[in-house]
């Protein structure tokens, strides 16, 4: 950590700063420049994160040298992690292709959609049973009934299933039915929820919040990892932007940025990132080309009747075409679309 | 609600749109312009929010005409609400002056700070017992022990207390000790938590999320109101900006914008909005001048030893000076700093 | 255009609105809903853009139905434009591969870099002779001397050259030496400059401003087109974001958004978008995968000695590797990297 | 300046870094920490800004210690500057109250508006003769004819006038008619224009760009100052935000931030910052309360007939009421609304 002192810092202030550093059991390194005095601090940066050093009179700025996350960092785990979701691998060259409707709706429709996306090449089926809706008056999901449908559909087609959990009290129940727990963008910094999914054994799909920096996202992954659950897949799904022409601003560079900082796999969600069907295929392709470990796409066979987010879903035939393009690109990039698990006999 | 059709929409598509509107029990009004066909829809817009009309082929854009919130709107309640927090009024000309440290720390320090801010003119004492920290390794708060200290300090000085609740499972416990429940910016869209505080009888201080529009914020207030709790105070505390010179971007215009849309009181929090002590007083004054119904300021008597957020706290003597300036401004504006409640005899 | 009236608009106000519309020679269409009255306006929307209809008492909102640009729109020109830069085609399936250093520096270095990027597959050479630097004390470019070097280098290797023009007084001079004029992000809304390049015969590379919406960008293209210069190529180079981990936020979705609104080609510039060499290749690939009509990359053989923007340049050997990957991707996508023009004999 | 090296930097890389620093004639200070090696550089930071040190292999990050601007900094000029605009002072306790229509329109209307705002307390009259419009088809201003009207109106009422200059070729002409030259937000980084107004003798009103950091803004002021023109007034007029409920996001904290970094006066423009008449008065008051050295408000006597930006103008009677409130606040804050200059006899 580096402290930059104010240019009018007094000697007494400087001495006080050095004393505080020593109290924390750390070494310091004073450097008086022409205009500024700088204090380098050597030792366990952890101790410093806890201290309010920037509140000491005379300190102008505190510059951390290390990242605040450890378990999520590439330094802790230099090789890319491969996360196993009930037999489907994500990361390290394996692609997770997640597809399905926004909400779990009636059983027949779910069966039809699952059959179609499986045939197109998807290896994970998604659907929300608990929906975090911005309006209290909107459809809130089928709850446990939806979880049951989801599990049955997954079994029928041999696809592991992923669904969102929105409340720490529901983690146990959702874990019984789902192969992977999704933490949504609005809950990215719901630390009580992160702690509970961290205690669960299920892999977690952690979506980036709409105004979260990459460092914020990795700190939230750290919450989960620090509870003992190492199976975290990150998801870029668009950040808040100033142009309303798209629903969010798809930050495709987040993919290589994360790969440069962390061993955790990262997938992209062009459905939420753009909110418009005609932008989903080009952004899905862009995500893969940037190195994403998978793609999450909403698919519905009659978007105008969808209980939620219909406008951002692809039709099954549109998904089939996109999946075929993604297969070509995966091959070019030397990646493998993870095969479905062998059914137990 | 208005539907703008694509300029190449076919007659069959237009007929299908009109059928869907009729199915929803609503009337339509077709207008063929030179370049675009437009469908006005007349009737209960509620039904339309649920429908995925923008997913119908041929529809280019859906433009809502009404706000999606009702209970929070000025149309539902044209006069400003006055929220009573155990005797301290906020709104309708009464100012809530909230002050105290970021975290509840040891009892003696809390007593000292409370005594000082009370003397300066604060009428609500704050302190966090459960801290939503971005790092899992940072100080997480004193929990119930902190709640007890907070309640005792409040009683000792006759000040109602406000503290954050971060988990739906804790709402009952926190409600036992605190006069007002704070929902933090990172939990603004934690709908499970909003539902629980909505069921509680305590007034709620709802902070705006870092990338929340005003409409998003009012929808979250609507969650609380729709559960039967009408005592909601909103708080502007800075949104995500691109200039790192301040911690967040203080959106002072949010105050008059909210007053033009909702009857709920809105206060400002220049501590979190700016993150820098020398910016707190000018931004507190700006908030009041823009019409805020109160000001929330963090105060600590030794910021460099604060367990959290030391750098954004004022010293007690700095708060005294600011409070005196705010009194002058309140008078000029014809507002009343809400007096402390009479102690029970 | 649609006017939404305030819910308490009086009959006199409504009558006044209708009169104003009639004064403009347009027809109106009144629709009284349960809660709101709406006025549809039929006729030449142009006339309405000029009028301050939203300032009329009783008008709550004005919603344009048509895009404000015409010549740049897909409606005016449904097929993609193919821009010819001295023999190199951009758009309609042809890719422009622009490479070269940030600033034109000494002749030998320029020759070396040009030779290398040409061999790797670039078909346009770039370099700045007039540099819009944020500091008045920084290197401002070699001016005419730089233009001469650039032209000579281009001739030596048979590559058309592109360079930035920053001042309306310089358009004529720069046009003498360069095959394509670049308007930089900071000058995107420098309307005097847009007007001058619009009068020139040279193709223009128009970069998106850091806080420009797509509609803003297309309006600036419209300025150029409306002066008679139809040869405009747009460039996405990152917008302002809140995460300082990258220099800007690469908005890859801008590519398909623009293709859905305009016939003009759009290329991506991952060098400025990310500011970091290791992010340039994945973002270049992402741009192509999203449908970009070309890629602009800064290349320097000794970035630490570059006169400007060294850190965001690729080394010639890094560019060679990227170019080879881009060739593979172009093939997969059915695009053609535009061949160099045949030298005159 | 501080260089943080990559954690796997080799000894050869470190030696190379030190050599480069020595080549620049500067001293270094090596500090090997547990995880990172850091190089402090002592001497003229100027030389370093020019060098691409972050492009040297092994360097992870370059952290400047000094601000890149000098003449604009508080270190160069510790007391607040007072700018004299033909007798009206701005800064150092004196408030500039700028009012007038967006565009200069017909002479009679200008006379009426000027008379009214002068009576209300405005001390500078504004109006645009050259309008930087986002559409090439919109009203572009009356040009020299507008300048003449503006000058005549100013003379008639003894008010200095301010008007925008948009093109370096027009600086001389505009300087003949106007007392103060405005550089608009879209031209903030039009360095050719900044250089020309820097060479002029007229005071300059420099508006902050929509995505400009405070440091960017001060660097643009530095361009003007470095040409010998010390009379620069800055203006906060809203930055790009994600909530379309206001036209821009009014960054009121910019006022105290600038006062903490620079001696230059800073005024606020709530008209452009919010774009809505009912938000102008609260935001004007907020700006003053935050310490602004003046307020810029658009005023028009018939906004619905305004040639541009009608919706964001106050009516003369609305301005009168706001001006009276601002007078009260100025008094409370101990500021003086600068009196109009004595007419020459």
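By letter and in written order, the chains are A, B, C and D; residue numbering begins at 1 in each of them.
By our rule, contacts are C-beta pairs under 8 Å (C-beta built on N, C-alpha and C of every residue); 3 or more make two chains touch, one makes a residue touch a chain.
Note that the structure is a prediction, hence the values are computed from the model and not measured.
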Same-residue or different-residue interface between chain B and chain C, half as cut-off: same
Farthest chain relative to chain A (centres taken as mean CA coordinates): D
Centroid distance [mean C-alpha coordinates] between chain C and chain B, Å: 40
Gap in Å, rounded to a whole number, between the CA centres of chain D and chain B: 32
Centre distance in Å when chain C and chain D are each reduced to the mean of their C-alpha atoms: 27
Overlap residues in chain D, where contacts from two or more other chains coincide: 211, 239-242, 244
Complex contact set, residues of chain A against chain D: 2, 4, 7, 29, 31, 33-36, 38, 40, 42-45, 63, 65-66, 75, 240-242, 244
Chain A-facing residues of chain C, complex: 211, 213-215, 239, 241-246, 249-253, 255-257, 260, 273-274, 278-279, 282-283, 285-291, 328-329, 332
Contact set on chain D toward chain C in their complex: 20, 46, 49-57, 68-69, 132-139, 166-169, 186-187, 189-192, 209-211, 216, 219, 222-223, 226, 239-240, 303-311, 313
